[in-house]
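Labels A, B, C, D and E are assigned to the chains in the order they are written; within every chain, residues are numbered from 1.
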């Protein structure tokens, strides 16, 4: 069951990278980055999954009467995913801001024209 | 106190015996021989043997003009840096089996001490602000890049041959090894390396076929164009000293240096005599090598264009050195 | 003693710098002929230098044409003292057959004191060597004169 | 690269080829033009050296002294190109370029050569004697152009102011007619100097129609200062004595001893003679000939002589027949400026046996001289040539003497070959042969 | 106070982030507020880091700090742990010195820009993130710090939006950077899958059991990830643009800290976490990566026409040196690599500051439009020369010492293993060093000597506060070169030992004995034998005396010197004018692009391809990164086998 997640994550990552490499339009490149990011997030979340585990939350009642539920899903990857999502959001925000400024300054968003620094 | 004594001893060895005075005297003598034999090869009488010395003292008497476009500090300091490093470099070459400043990794230090005079010339030329000098230093740098590859290959070949399986960059070890196994030149695997070294010496010193940097006909003495008086004298002295040092390095690396020791009479007499004898042997060897690799080549070939020179060094000479390195690497 | 050594070596290794102010190249070839094996000026230490900064003897050939006049003056200024000027052939001294032409700016004497003049329309290399030898001796006197002048100044 | 290597090493062990110049003096080649040596005594102050000196290196100052003036000539070596023209033009040989090339001086004054000589003022001016033949040689050589000679009116005159009494014209006159006289003026133009006795010169025979158009004689290097040649005279042949049809003219005559060696043509200062060796023709342009008789002396066979003869008048009715298609004559001998009427000589064919067409020059040679006589036909006993007998010892002397270099003698193979085309039959080899093995005869083979 | 030191590492990082936060708030209003915040935060954190030196270096302890005192429970690390061992602190020292000097430099350097409030915030964020990255013991914390670093770096690159190509460089840096961090993150995820822990020490303990394909894939991914951060060859393209476009004080920080962070990450990953450096094939892969970086960086630098772009490519090539040396696997190699990293921070920082000074004074860094600045800016020229000499490796300076270590290590490796590959590495190292010298000769001639163009005659020396950091750095270069035995005993030996003793690292973090339990054994780390008994003090005396002697020779000569006209423009005093064949001096400056014609003609083919590859298109750069990563992962799989 987990293999489906890993496969989709892998596909997402490869798709994202292909989009970054092949697309000439800067915004499409940013989208490609986003897709890879989602692929990686999916990978991280699916790592923490334990079959049959419940959400890693102690309800007040469990705490009160000291019983510990049978089986948790691993909480740490979820924390990692949170951070990764935040980071992904910031990256996309900054990338889009840069693209807007590039468009204002270079009057184009085609990757072939935006290459003053070369050689 | 001990440190001061050591410093004074080293100072003596830097300034007087194997250092500056000795090296410059022998260098000027070698330069004199070189010019004389070159003249004789062209069937002309040629200048007296002490001609480079006269040139040097004459230049001391001339006025030193610093052009207004030059950066005066670097302009005047450049020749001095070059000569200082050359004087210090002589300490690494073991004259009688013992180099005053020998270390475990002499070859690398020598490799870099050889670059300082070239860099000093480049800085001097660049500081003089003349366009001729600009072209001159560009060529000097390309020449340096050209001969650096074969030089390092030769050093590695020698180190590998004498070092066996552990690190051996120190010249004393190399000379000691040659004392038992006979000079490196007679090991057939090392002959291409010796040949490569013979080609590197004129390039490093900057004599005729490889002196694109100081071509007096094309770019009026290249970097030295704005120099006159004492700094110019020092630069000419540098060339002469380099001529001696490179040949001495060749003798040390390939002819087993001169490790003869004379043990007669009291200790200090024996030491003095052996020092004298070794110096003479070294001088003779250096003279032979100079005549072979610099004078003869100078008399026979014309000046190479800079890109031919670079291609020549990176293909032919580097190839020779590489051959011997590979042969030695295969344990031959 | 040191000064005497310098003055002496000044006369033993005079470096030449050749300025051609419009000459017909006759004297230029003869000057270079001096350095060939047959006449070999290098026996006395003469050597052609590449830049005026390295010059001890400035050899001028040719009737100073108007084009080359100010270049000659500028180059002569850039030669470090003490130095001598040798005029080669009869053109620098008198303008030879070009005398009176609109583009010849007259004898070299107008611009700088000529120490030694070697006559002959294309002087023989032996004559040139003799002239340069004489100039080298004059160099020595100039050097001693400078030292004298500096001794009085101190 | 390697041949140089071998050479370099060889040089190392061989003696250097440098002249140790300052130690051993090294003098220049024999005819090197070096420092000028000026002998003031010989100088006649003719000033021709000043005129010809291209860089203007020679200056003269005249300071009047009692009884004449001190003339100093200054030769500025620093302004001289040592071309030697002044030496050539100095007729008295006062200027000589020595072989001393050590012209090195710190002080420029050492490079000035000067000399003064005192020249007494000459009392009288230049006078001419009676045997002047108006050959205009003196007028040509006068540096100042003081003498004017008109050959037509047989008039000679000198301009006293211009004349600087240099005396060059005296040397130049072939007849020795000039001298510094006793101060009286030159004879008037009318009395033509009667030529020597023996010729009843007709009253001012009309000069040849065309004006003297000889080429302006370039100041040829003429060093001949010999005494004037004796005039030789032949009797006027009877058939030309009729004054109606013949003008009596004095001129150069050629006998048949001539071997067409072109020496006379080369000697003639006025280039009046053209000799074509192939066609074996000898023509003279009487207008330009000045009777200086130089050709006489030069002729190796004494074939020329001076004589008076009748010059056939041109019947008025004969129109000058234009020459056939003017073919560019191919000159075999050296280039001589063609006289007014170019001799239409057919180009030289391979075998010099073609019929020589008499040149349509206006000057038909007198019948007696056979200069236009055609060569004997090829079929006869063959042309003249040098023959060798077997007394020859192959000493190669003849080859050495031959001016044209047409003899080759190989001592080893004992062969003697002659190139008949270039042989000018000058006869020198015959004279030089110690065994008289050579002789001039008709070639049979 | 004694036990308070334990908190210093975290406090150092927190102070910087706090400063960033405050700067954002108060930064707009007044210049003084900005400066106070910047300088105070920077100096406080620097003081804290320096306070740790005696503990870590002299006494050799390994300091640990658990966030919120969450000690490891039952052998499992549950909190985020900071661990400072000699290696970590060594890099921390580099980071601290770099950003202190850059802060001082930027006071006057950035005064002409607007939005300085944002600059201070971003700058402090960058410093905080790199410091955090270097000190942390938790791998995910390391990743977060890397992210923040990339973020701040991209923002700072785009800071001077108007300058040529800044936005474009920032965008490329962001794209490639995020590809790199994506790879690192997925690597961490796979590691977590394998070991269920994020603490590096524990990871190392768990991994010692044997590497499953997942962890091998993680190793590949993270190596590529850190390769991108360290700008090794396939991933180096954004570095060239970023360093050029960023303001010089920032590029100094980039080349001083940011790529060092990548190097630290790689060392930590390969030596401590995976302890995989005993395999020679992995060493060879990293050495190949380093050598290619070294060579490509310097050859591209030779072809540059812009001062800062040239320096950028040199940074890439020097990092190649460090990686090559570090991955040699011997103590000498690692200490040589670390020493070179330290020297690189010093002299490259100095050179970038000089570039900044030239930009500040002359307004351009284009080599073809500059010239003859030495008369106008003598101090900057002197500092530049010291920087150029030390990067080229001339003896009295520090570049020589570290290069000597590296050659020694590479050659002893070659000799001991008999593998010809190391000889090729040594030879390439020497040739690259000569080419570095060549490119800096080109800059010296093009910018500082030669003829001053007319429009630059009003150039004046840069203000004092910009020259102080340069002076400090050049002193560092000289000291590093002369007193290198002292440096190697105090700093390098402990750091190298720390690299080779992961068990100490694990025990310090997870409590004693965990290393034996996990079977982690330390390789017999040979003591660091300093390669030469070259006694620098002696050298110093020697050189000074020899120089004195020769200055006398100069003075005895004729004394007339030329009047040094400072109008720079046209000189008409014939006597001291430059010799021009008698002509009046025409504008004739031999600028950068005219030099090394002989060399360029022979290498034309190579340069055409190399410059073609740097096409400037984002897609090309991204494809290089991805292809490079894939190749690296495949190679690592080949090394560790697929079972």
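As a working rule, contacts are C-beta pairs under 8 Å (C-beta built on N, C-alpha and C of every residue); 3 or more make two chains touch, one makes a residue touch a chain.
This one's a predicted model, so the numbers in the text were calculated from it and none came from an experiment.
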Path length in steps (a step moves to a chain that is touched) from subunit B to subunit D: 1
Lowest number of touching-chain links that must be crossed from subunit D to subunit E: 2
Which of C-E and B-C has more C-beta pairs touching across its chains: B-C
Chain nearest the overall Cα centroid: B
Of all other chains, the one whose Cα centre sits farthest from subunit A: D
Chain centre separation (subunit A, subunit E; CA means) in Å: 30
Where subunit A and subunit D are represented by their mean Cα positions, the distance between them in whole Å: 116
Approximate Å spacing (C-alpha centroids) for the pair subunit B, subunit E: 35
Mean-CA-position distance for subunit C and subunit A (Å): 84
Touching two or more other chains - residue numbers and ranges from subunit C: 37-38, 40, 43, 51, 53, 78, 80-81
Multi-partner residues of subunit B (each touching 2 or more other chains): 39, 42-46, 60-65, 132, 220, 225-226, 229
Per-residue overlap in subunit A, given as positions that touch at least 2 other chains: none
Every chain pair in contact, whichever chains are involved: A-E, B-C, B-D, B-E, C-D, C-E
Subunit B to subunit E touching residues, read off their complex: 3, 6-7, 10-11, 14-15, 20, 59-74, 76, 79-81, 83-85, 87-88, 101, 103-105, 108-109, 111-113, 115-116, 119, 122-123, 126-132, 134-135, 137-139, 141-142, 144-146, 148-149, 152-153, 156, 159-160, 163-167, 169, 212, 220, 225-226, 229-231, 233-234, 305-307, 309-311, 314, 325-326, 329
Residue ranges of subunit E touching subunit A (in the complex, touch as defined): 140, 144, 147, 151, 154-155, 158, 161, 164-165, 167-171, 174-175, 178-179, 181-182, 185-186, 188-190, 192-193, 196, 198, 240-241, 244-245, 303-304, 309, 611, 614-619, 622-623, 626
Subunit C residues within the subunit B interface of the complex: 3, 5-7, 9-10, 12-14, 36-38, 40, 42-43, 45, 48-51, 53-54, 56, 78, 80-82, 143
Contact set on subunit B toward subunit D in their complex: 37, 39-46, 296, 299-301
Complex contact set, residues of subunit A against subunit E: 13, 17, 20-24, 26, 29, 33, 36-37, 40, 43-44, 47, 74, 76-77, 80, 83-84, 87, 90-91, 94-95, 98-99, 101-102, 105-106, 111-112, 114-119
